[in-house]
Amino acid sequence: MLLPELRAQVLHANLEIARLGLAVHTFGNASGIDSNGIDGRPIIAIKPSGVPYATMRPEDLVLTDLDGSIVEGALRPSSDLDTHLLLYREFPQIGGIVHTHSEFATAWAQACRPIPCLGTTHADYFHGPVPLAAQLTASEVEDAYVRNTGAVIARLFREQHLDPVAVPGVLVAGHAPFAWGKTPADAVEHADLLEYIARLAWRTEALGAPANGLPFHVADHHYQRKHGPKATYGQTKSR
Amino acid sequence: MLLPELRAQVLHANLEIARLGLAVHTFGNASGIDSNGIDGRPIIAIKPSGVPYATMRPEDLVLTDLDGSIVEGALRPSSDLDTHLLLYREFPQIGGIVHTHSEFATAWAQACRPIPCLGTTHADYFHGPVPLAAQLTASEVEDAYVRNTGAVIARLFREQHLDPVAVPGVLVAGHAPFAWGKTPADAVEHADLLEYIARLAWRTEALGAPANGLPFHVADHHYQRKHGPKATYGQTKSR
Amino acid sequence: MLLPELRAQVLHANLEIARLGLAVHTFGNASGIDSNGIDGRPIIAIKPSGVPYATMRPEDLVLTDLDGSIVEGALRPSSDLDTHLLLYREFPQIGGIVHTHSEFATAWAQACRPIPCLGTTHADYFHGPVPLAAQLTASEVEDAYVRNTGAVIARLFREQHLDPVAVPGVLVAGHAPFAWGKTPADAVEHADLLEYIARLAWRTEALGAPANGLPFHVADHHYQRKHGPKATYGQTKSR
Amino acid sequence: MLLPELRAQVLHANLEIARLGLAVHTFGNASGIDSNGIDGRPIIAIKPSGVPYATMRPEDLVLTDLDGSIVEGALRPSSDLDTHLLLYREFPQIGGIVHTHSEFATAWAQACRPIPCLGTTHADYFHGPVPLAAQLTASEVEDAYVRNTGAVIARLFREQHLDPVAVPGVLVAGHAPFAWGKTPADAVEHADLLEYIARLAWRTEALGAPANGLPFHVADHHYQRKHGPKATYGQTKSR
């Protein structure tokens, strides 16, 4: 069995999204990339399609290269594979991707609205709103639906000059969220936080959210104290 | 004890709707049909009325024929039996039926609104909106309330040319949802998904749902990739 | 220890409201009455004040007569005792009372709105809306707040000609619900159903509830099939 | 290990906010103060920064004096330490502080709205609305963000003549709630109740809250019967 460490990380990420209640039934999937992979060729490990979380084993995961050619695995990969591949090609900074249909993030996606930054919980993890990638056109759907889902995300980030490290997730209009991170575990954490941010923003909307959201000087301070060069949060960074 | 396999499937379906939180108290019931049944006569197994889920045993289930004559069973069948029977007679494609008062689907039913297709989660399971069957008239209530509940569902599907395989559930105005499938287990899955679809749509409404919902080209693509002849989802179908 | 059976029923009812999530902290209390009681004098058993559910024992319950004189018990009775006593004096048909601050029923009470009958779940348990008892006046508060909470409920039922058997609960404006039944266990069931009815109605409101609610011919049919002389629900009544 | 009793209380408070669902990930922290402390110098114990609740031990807590000088502890203290310190200096009546990003209280904070007193559940714990401390200005953020978060709370209480014993918590605009009490355990109880009060008020808002909230004569009566000199609630106070 190739790349057992990558398989273990990706299996754990898939089990975590189920345990955290982010996935209903078999909606949702996690993947990871080993950029050194095999003989210097980057390799992706991804959840197999339609296999229940409860019985998934490391050997059930499917290994592919960046073009989607299967390197190892007896099962069919997640039907969302081509979205993951496109994002890994476009965002070389990331090492893991999580896709879910989690309740509140999906509601914002279905309403076709980006999630405004309304508080410090959001600002701690996302530098700016959670952006919304457009609905696919009929020809984009017909041509290559799954790959083009990744393409509209990549186009959005290019057009809005977004940094996938500072904005570790996105909503796809009429569909659901994708989140990513340096590792599969980071991607899970961001998917979980994105859901909580979406939930808080939803609750706030119902009370009447401030038109301009959280002032930028507060939002930026929160983001920088956690992620900037002078981060003061946690035990692993120097003051 | 006749038809132990059918009894086991229907008991499991009843326990599942309780475990999944779809049934509150003894609201809710599941049934299944064996179309070969006994001596070629189709036989339905259904939950007994008012028996707690915690203590229900296979022999507590009630077996009847398609006219509701009891074939085996010491307990009174669910008071909703006649609705199940009518649906089995009208929809010969189905093998199991689940009725619940689950929270969000019931809210849409009480609001007398069909659930519009607002996202791909919905499109994966229902081809079009979750339809709404009309409130019964006073004479329909007086004549045969339970059977006529099935009759208004059947009338709706005929009038709107709906396929019960592509639309595996319905809301009854002022009452609650019914869902069905090829087996009792499929019916449970559809009842569970219907509740999640109803929940997502409810959350989306609060943010302002797009007037036209999910574009048809996206909705249809999602439904076909899971259920059409070229289905690419799961492990059991050929690409 | 007097009346061990009554104590056991009331203890169980108090533990149930905690287990069902109807009580937060020590909000909420259950009581029961034995109308034969001691030497023909009716005796009430009620939860002691401020004792955590986790450690409550039968001997912690307080026994009083209908005037509130303590018959047995070392602890102080629930601070809501006088409301319970007044309801037992006014509604001789009932054998148990439950008071909670459960989430959705309390929201309707705080909004000072009765809960309209919007569906069959409601109609199965309440014959008509869940009524709203008025806010107490300053002099009613000053005079005898707790007893007068019972008095405004009793006045409401008299003025609106409500039958406490067909309407087994009420909301007190700005406060929370009370529910009752033939036994302490019935009172718990009604408190639990009242919360679910309140939750369904709240969800329905957000989607736009029909102005006239559930048509009377449906509501009445549902209530009668469960509670009327020709009840067809459950195993214990003849068809 | 210094002050083991204080450490135990503060550890327990931190674990409780996780168990009660008030803290998501490592959002949230609890502290306590021993006003006699060491050699008569008051000592604060506080959660370390970014340590998961599941593995936290008494020796992981950080002890500081009222100026934030570390007295004992190998780990970095919570990044919110300076808010806690300022509150202990301003409110000498309190012995414990809890900060969370709990769902409903945070929604009110993000909406920049104080929580009006709409019912007796609220009135039992807060004498008046849960107040809202203003957003920090750009210069307050730049100068000393964390300490100034405490300063805006203290300023609000001075300006509005609020008593931190009768109003045991606050919302910080665009951020989240802080709650406090005589002990760390009291602070946890108030943080938990504040979340429930926020939840009830949120649910009530959706139904249309009465413009003037709960009449003062009811609110004051409820607060006084629990906290006033003639308190009648619980077992420990004389009638």
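Chains here go by letter, A, B, C and D, matching the order in which they are written, and residues are numbered from 1 within each.
As a convention for this text, a residue touches a chain if its C-beta (ideal position, glycine included) is under 8 Å from a C-beta of that chain, and two chains touch if they have at least 3 such contacts.
All values derive from a computational prediction rather than experimental measurement.
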Between chain A and chain C, centroid-to-centroid distance (C-alpha), Å: 48
Mean-CA-position distance for chain C and chain B (Å): 34
Multi-partner residues of chain C (at least 2 other chains): 206
Overall pattern in which the protein chains touch one another (line/ring/star/complete/other): ring
Pairwise chain contacts under the document criterion: A-B, A-D, B-C, C-D
Touching residues on chain B, where the partner in the complex is chain A: 118-121, 189, 192-193, 196, 199-201, 203-204, 206-210, 214-215, 217-218, 221, 225, 232-236, 239
Chain A - residues contacting chain B, complex: 24-25, 27, 48-51, 75-76, 79, 101, 103-104, 106-113, 135-136, 138, 141-142, 145, 174-176, 202, 205-206
